[in-house]
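Here's a structure for you.
By written order: A, B, C, D and E. Residues from 1 in each chain.
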Amino acid sequence: MARKLSRLPKLITRPYEDEFYHQPGAVPGTIFIDADAPPPIIFLIDYNQTNFIREQIATPEECIPYLDGESISWVDVQGLGSQEILQRLGQVFELHPLVLEDIVNVPERPKTEDYEDQLLFIARMVVPKERICGFHSEQVSLILGKNYLLTVQEEPENDCFETVRSRIEKSKGIIRKQGADYLAYAVLDAIIDGFFPVLELYGERIEELEEEVIVKPTPQTLQNIYQIRRELLQLRRAIWPQRDAINSLIRDAPDLISEEVRIYLRDCYDHTVQVMDMVETYRELASGLMDVYLSAVSNKMNEIMKVLTIVSTIFIPLTFIAGIYGMNFNTEKSPYNMPELNSYWGYPLCWAVMLAIAVGLLFFFWRRGWLQNSVVIKQN
Amino acid sequence: MARKLSRLPKLITRPYEDEFYHQPGAVPGTIFIDADAPPPIIFLIDYNQTNFIREQIATPEECIPYLDGESISWVDVQGLGSQEILQRLGQVFELHPLVLEDIVNVPERPKTEDYEDQLLFIARMVVPKERICGFHSEQVSLILGKNYLLTVQEEPENDCFETVRSRIEKSKGIIRKQGADYLAYAVLDAIIDGFFPVLELYGERIEELEEEVIVKPTPQTLQNIYQIRRELLQLRRAIWPQRDAINSLIRDAPDLISEEVRIYLRDCYDHTVQVMDMVETYRELASGLMDVYLSAVSNKMNEIMKVLTIVSTIFIPLTFIAGIYGMNFNTEKSPYNMPELNSYWGYPLCWAVMLAIAVGLLFFFWRRGWLQNSVVIKQN
Amino acid sequence: MARKLSRLPKLITRPYEDEFYHQPGAVPGTIFIDADAPPPIIFLIDYNQTNFIREQIATPEECIPYLDGESISWVDVQGLGSQEILQRLGQVFELHPLVLEDIVNVPERPKTEDYEDQLLFIARMVVPKERICGFHSEQVSLILGKNYLLTVQEEPENDCFETVRSRIEKSKGIIRKQGADYLAYAVLDAIIDGFFPVLELYGERIEELEEEVIVKPTPQTLQNIYQIRRELLQLRRAIWPQRDAINSLIRDAPDLISEEVRIYLRDCYDHTVQVMDMVETYRELASGLMDVYLSAVSNKMNEIMKVLTIVSTIFIPLTFIAGIYGMNFNTEKSPYNMPELNSYWGYPLCWAVMLAIAVGLLFFFWRRGWLQNSVVIKQN
Amino acid sequence: MARKLSRLPKLITRPYEDEFYHQPGAVPGTIFIDADAPPPIIFLIDYNQTNFIREQIATPEECIPYLDGESISWVDVQGLGSQEILQRLGQVFELHPLVLEDIVNVPERPKTEDYEDQLLFIARMVVPKERICGFHSEQVSLILGKNYLLTVQEEPENDCFETVRSRIEKSKGIIRKQGADYLAYAVLDAIIDGFFPVLELYGERIEELEEEVIVKPTPQTLQNIYQIRRELLQLRRAIWPQRDAINSLIRDAPDLISEEVRIYLRDCYDHTVQVMDMVETYRELASGLMDVYLSAVSNKMNEIMKVLTIVSTIFIPLTFIAGIYGMNFNTEKSPYNMPELNSYWGYPLCWAVMLAIAVGLLFFFWRRGWLQNSVVIKQN
Amino acid sequence: MARKLSRLPKLITRPYEDEFYHQPGAVPGTIFIDADAPPPIIFLIDYNQTNFIREQIATPEECIPYLDGESISWVDVQGLGSQEILQRLGQVFELHPLVLEDIVNVPERPKTEDYEDQLLFIARMVVPKERICGFHSEQVSLILGKNYLLTVQEEPENDCFETVRSRIEKSKGIIRKQGADYLAYAVLDAIIDGFFPVLELYGERIEELEEEVIVKPTPQTLQNIYQIRRELLQLRRAIWPQRDAINSLIRDAPDLISEEVRIYLRDCYDHTVQVMDMVETYRELASGLMDVYLSAVSNKMNEIMKVLTIVSTIFIPLTFIAGIYGMNFNTEKSPYNMPELNSYWGYPLCWAVMLAIAVGLLFFFWRRGWLQNSVVIKQN
């Protein structure tokens, strides 16, 4: 009565749910603004080996002077809640209508596309939820130009680029000496590395469930296994196309990406494969857990049945004997009518027979190992 | 007695069922008219940047003047119910006999075929059924010529091209400035986008079933899971070859499709992959649900068995004791014959023993956690 | 007692069973005649645009004049029961020893092989059994030469080429105007189209089983599902290599097949893919049915257990109470010995307690929904 | 007590078990002699179109004169039990150290390797065990030189080359007219054909199990299914790499194999694919049997539960009624105390009520179809 | 109470767990030192055909003179516990920052990368745990230069290179006559061969479990099967990418690897495929065991239910009869009230009826084969 099974959380990111606002047959390039989307905030970082500017700007047009210069500009748009700003953004960066559609009509499947003087990369970023299972998932679109990088995120919160920004600001590593392609790599690398903390959580949860499923399987355990399988399925759908996209960056060698950065992308590709590898391993473990659960439940049923069978099988014959001597056949009418009732040792003998039956049955059960197992499982 | 299990709907589109009228060994190009097929209605849209004509025409031959002109003509045939009209259509458009066969002898597997001056694309269009689960599925054949597009649908109802027609009429986007290949793309894109609303329905139904399967699994649930799996299998069969067909359009670069439209087709291809992705994800979820269902049913059985075992195990020994003192051994014939019956505290002691046994067993069950779980599940 | 489970039919075509007569290490090209094989009957059709001859001939040598002429000759051998005739056939057509072995030592896996002036195609033909489930399966070997086609069937019955023969005779379509390659295509097409009626039967049987497995699962149902899975496995083995063989005909473009006929083969290839597609779909459905069956059986067990538990749980405590007041404690020896027996309202109160317990337990079961479900399932 | 479950045979060929004597880090080319290996026996067959010699020779060096001649020499070594002889063999045939290692350190995975003037083919030969299930498996290494073939078998028994030897001796077919490459083909073909009798046994055993699993499933059945799956897994591991090896022989066209023999190898390749095909089919059947077994066991449980439920549910209420009238309420103390006991029709009425209950419950069970099914299954 | 289920060991090598210290967005090439990592120990072996030096050195810089000479140098670093030493090592060997990151930030996925004058190979080495199941797993990074080989191991213990070192020292085989590429091959070969003893352990454990799962399945068995599946999953993840890496070494033919050594690598590749093959086979066996376990548990339940059903079904009707004649209907008030009680043969007849019922039911059970099976299983 008291404790209820916790409800399954809604499918966290229903796969590409927003896409459904997309009316079949609409003009390609049409962009749809979700009413709940937060309004866009625009951040600009502009740097070269000597200078560094970081500021929030109000309108897309404020980028224009930076884009024309020789320095590297990183324009980071967070939020998709204004059709007007997004369209002006498209004009400032001269985006192909299909590119703008891919950026705005989230979720889009991760992919890369080469538009000669621009390179589009659609990525999916995951961030672990604080203290709750599951994860936050968000689309990040990267548009790489000759000396700029435009990134568009769905929401302002939950971003794993802070270390990249601080590397630029503090000129850590070689980032200030490299072009926009290296910056794009650094952002992509941060997105891929962001999968590892999420996966670590799943590793821990699977370990807990392994313990639970064998020692104390409950209906809640079943629900948890299913939930993990469902979430790993989502992770898999997020990482799989990302691998293909990075691979095609390395293989097709677009002009915008230098030879040197391609070596770094190879490293990033290796991490993507690691993530996929872990996701698949966890999926196999979770799927194995379901089998174990089913077996564990059957084991419990076996134990319950054993207790019932032992108790019933011992007492039902004894009760029958007691019933016999509870019959009211008239001993006076015939010497064959229950003479035992009047015999001197009748009652003690009756007990002796009953004890013999009980001991015999217990021996029978012990021989089969039922008594013993039934103890082993007691702790479960 | 009252409520019955709802019947499974018939396999909605029995895969290619009409094909069976196709007599093995028949002349290739023979066309078979299904008696139930609705008679064809022909719509014509003819446009260029300045003019726009939209009308229903009575005979295929009325198209001929439009086909000869420079403007783009879209001939849309709805219904396959007349052999004569379809054959005259074949003559007007100079269709290869095999093309006519593919168009008329539905269902054909989605595919694309290049006949030098014509390009055949067999597609499958799905439309969600209003308020009932399942979907309406229909073959659409596209024949693309230099300046015309012929589309042939199975039925007049359930068509998702209205937005395309209105885009042409209102000259939205660039459609009026482009050739027949762009029109073919627009139609294909509308077909692919039409899968999303159908998938959304399945997403919702799976969420409902996830709830149901854990909280209150019934035989009806099982049936629903099976039904969803079956329908997703159909969706998968519809979308999979469509992806290959679009891909071969992009890869083989037929002359009839311009470079620019190929970029749009790439976008359309991405959506096809998204659809496939979602179908596969839903299929995995549905298949996981079957496992969960089986486990949930086992859990319920466990609970039932526990109740039976607890009640039986407690009362069977007590009944045995009561049976003992219901025996009629003659206490007068021997001092060993049931002296308890005549003792002063016999009856109260008997009760005390019985209570001790009951409490002992309850403690045993509590130690195993049976009493407790049995409460937890009460709500289910 | 009466009705028995029907026996599983023997594996209809034990995969390649005759092959086992093939002694390991035998000379390649050795041919083995199965004692049960029917004696060969030879039919000849010879035609060009103007003439048509159709006759049964007694010896392979009678073909020779026809083979030398310009007209197209179709020699159709039905039955593999005579080593002598088959070897003479091999000499007449100048077959490579391995070709003769492939033709005679059935079953051979479907394949195509190019011997410069001859093209070998091993196909498998299926024909639905009349009114019984399952299908008849037979190997057909096609040897295509410059102006002749030799077909060799295992048995005279069950052949789906009659429509092809009549198309030639009545000069339907373009068959009389084309070469031997078109004839080979027509025969192949008839073989592939012959799979559709067989598949239609499976579609119907699966629909029936879907009904049965949910509404009234019996051990017979289980057997039927297994049987269907087994037969679909056979169909799959028959169609899969056939697709590869046709594909290699199209891809490798042997000289004996004209460009025009290759277009027709592409159509035939599409049908092969359709067949494969349907077989795979049915296999998935049948495999899903097995899961449903297992769940349905568990559901039935649940219902049975519920009835047992309800009845036992209600009556066992009541019986215990009745047992209590059946005890023979001597009420005269002590005021504590069962004073209830002598009280004025003893018996009615006893009934009242028992009724209260029964009602309480029924309420408990109703709360759990056991009473209710137990009604729902009644019809099953 | 009497009959015990038969023990599972040890994993017949533990995969590559001997390999473990291979110390990690040992010099490549090191050969390890298993203490149990039988000592090598060497047979020599030397022939050309006119001459034929067949003899057992004592030392590898005795081959040398034959190898130098123009005639074809087949040296067949049976047994791997002497390091010295094997190393001398290596010197006589000028084997690369890695080749000798592959030959001696069995089991090696089937493969082919081209050493310019020698071609190594590692094959696995299976022979059915007489009258027991399972099969004997042995590695055969073929080294093909310009005019000789060296074959090395693990053991002298169980060899399927006798027909090849007799074909050479009796000059059957074209073997005496061909080179060493044809001889190598003939040996390979015998090895591949040797799989068919083994597979035939599995076909029969699966048919028996199909019968057994539905009609009378026992724990032994379960064990048999598992055993078959395990053995088919071994067969699959033996045949799979063999296909790749033969394919690479055909594709890479090493100089040592003539064009003509390649046509024969194509035939051999087809047989390998047939074997694989059958193994996969049997594996699917065996895996389906496991599902059927589980369902059949559940069905049996259902039947058992039904019997228990029917008997308990009928008699428990009746026993309760009997218990009621076994109570000892004092009918003299109160008119409400069990007046039935003293009524004239009490006992007959009591029986009437009990019969009515029993009939009612039987009707209830009949309505559910429990009585009926319970009869159907009786024979199982 | 006494024996508890043994706890599952923690996921032995949580897949790439240390990777998680890797802060998303960190500078590529950043190296992270795990606090628990042992401090590095450096061993140097320098040799040519005539000389041999083997010593432990204190600082990376001590290698420099050796690296400049013509002799082959093998620097073996064991332990990753000092950032300073590792960075100095990077400078001495002029490692690319990404290479150093791959070496230090273990675990990295096995792979190979070609940096023109250096070749990086990341490998995973497994060593069986003494007397306990499971295995020790460790990353080994190989950097191959023109005349040196640098190997970096995670820990000083558990290394399978001792035989390689002794082969160099004692000049066994051709290792002293070959270059650094042969040394790299020898190390790789030792790593791959190290998988075989681990796999042998799993072969033995699976054989034990096969016995156990059929003869005496307990919850512990279930846990063991799951544990083996989990560990085989880890082995698979270790060997799979290693195969790809070795294959790419052979295929891409980097300059640093001579033609001759490539032949040896082909042999090493074959062993890798053998390992994969065995891992997959064991995985299939373990997964089959899970099915068998589930069936075996169901079988046990069947046996338990049979015992309960037999005992209950026999005694419940008998007890009912005994209950009948325990009723207290007043025989004096009516001739219809239990006249049996006063009849002369009442009691013996009552027994006769009860015996008849018991024998009848036993016959019924024997007909169904329940009595018999129930004996068979006794030993389990």
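Assorted remarks:
The rule we apply is simple: contacts are C-beta pairs under 8 Å (C-beta built on N, C-alpha and C of every residue); 3 or more make two chains touch, one makes a residue touch a chain.
Predicted model only: the values in this text are computed from it and were never measured.
Any chain touching subunit B that also touches subunit C would appear here, but none does. A turn of 145° superposes the CA atoms of subunit A on those of subunit C, with the angle given to the nearest 5.
Computed centre separation for the pair subunit C/subunit D is 25 angstrom, with centres defined by C-alpha atoms.
Contact of a single residue of subunit D with at least two other chains is seen at positions 294, 298, 301, 305, 308, 312, 316, 319, 323, 326-328, 338, 378, 380. Passing around the ring starting with subunit D, then subunit E, and so on, the chain order reads D, E, A, B, C.
Within the complex formed with subunit B, the subunit A residues making contact are 1-5, 7-8, 10-11, 14-17, 19-20, 22-30, 98, 101-102, 108-109, 111, 113, 216, 218-219, 222-223, 226, 229-230, 233, 237, 290, 293-294, 297-298, 300-301, 304-305, 307-308, 311-312, 315-316, 318-319, 322-323, 325-328, 331, 338, 340-348, 350, 378, 380.
Those residues of subunit D whose C-beta lies close enough to touch subunit C in the complex are 160-164, 167, 172-173, 175, 186, 189-191, 193-194, 196-197, 200, 203, 206-207, 210-211, 214-215, 263-264, 266-267, 270, 273-274, 277-278, 281, 284-285, 288-289, 291-292, 294-296, 298-299, 301-302, 305-306, 308-309, 312-313, 316-317, 319-320, 323-324, 326-330, 333-334, 336-338, 367-370, 373, 375-380.
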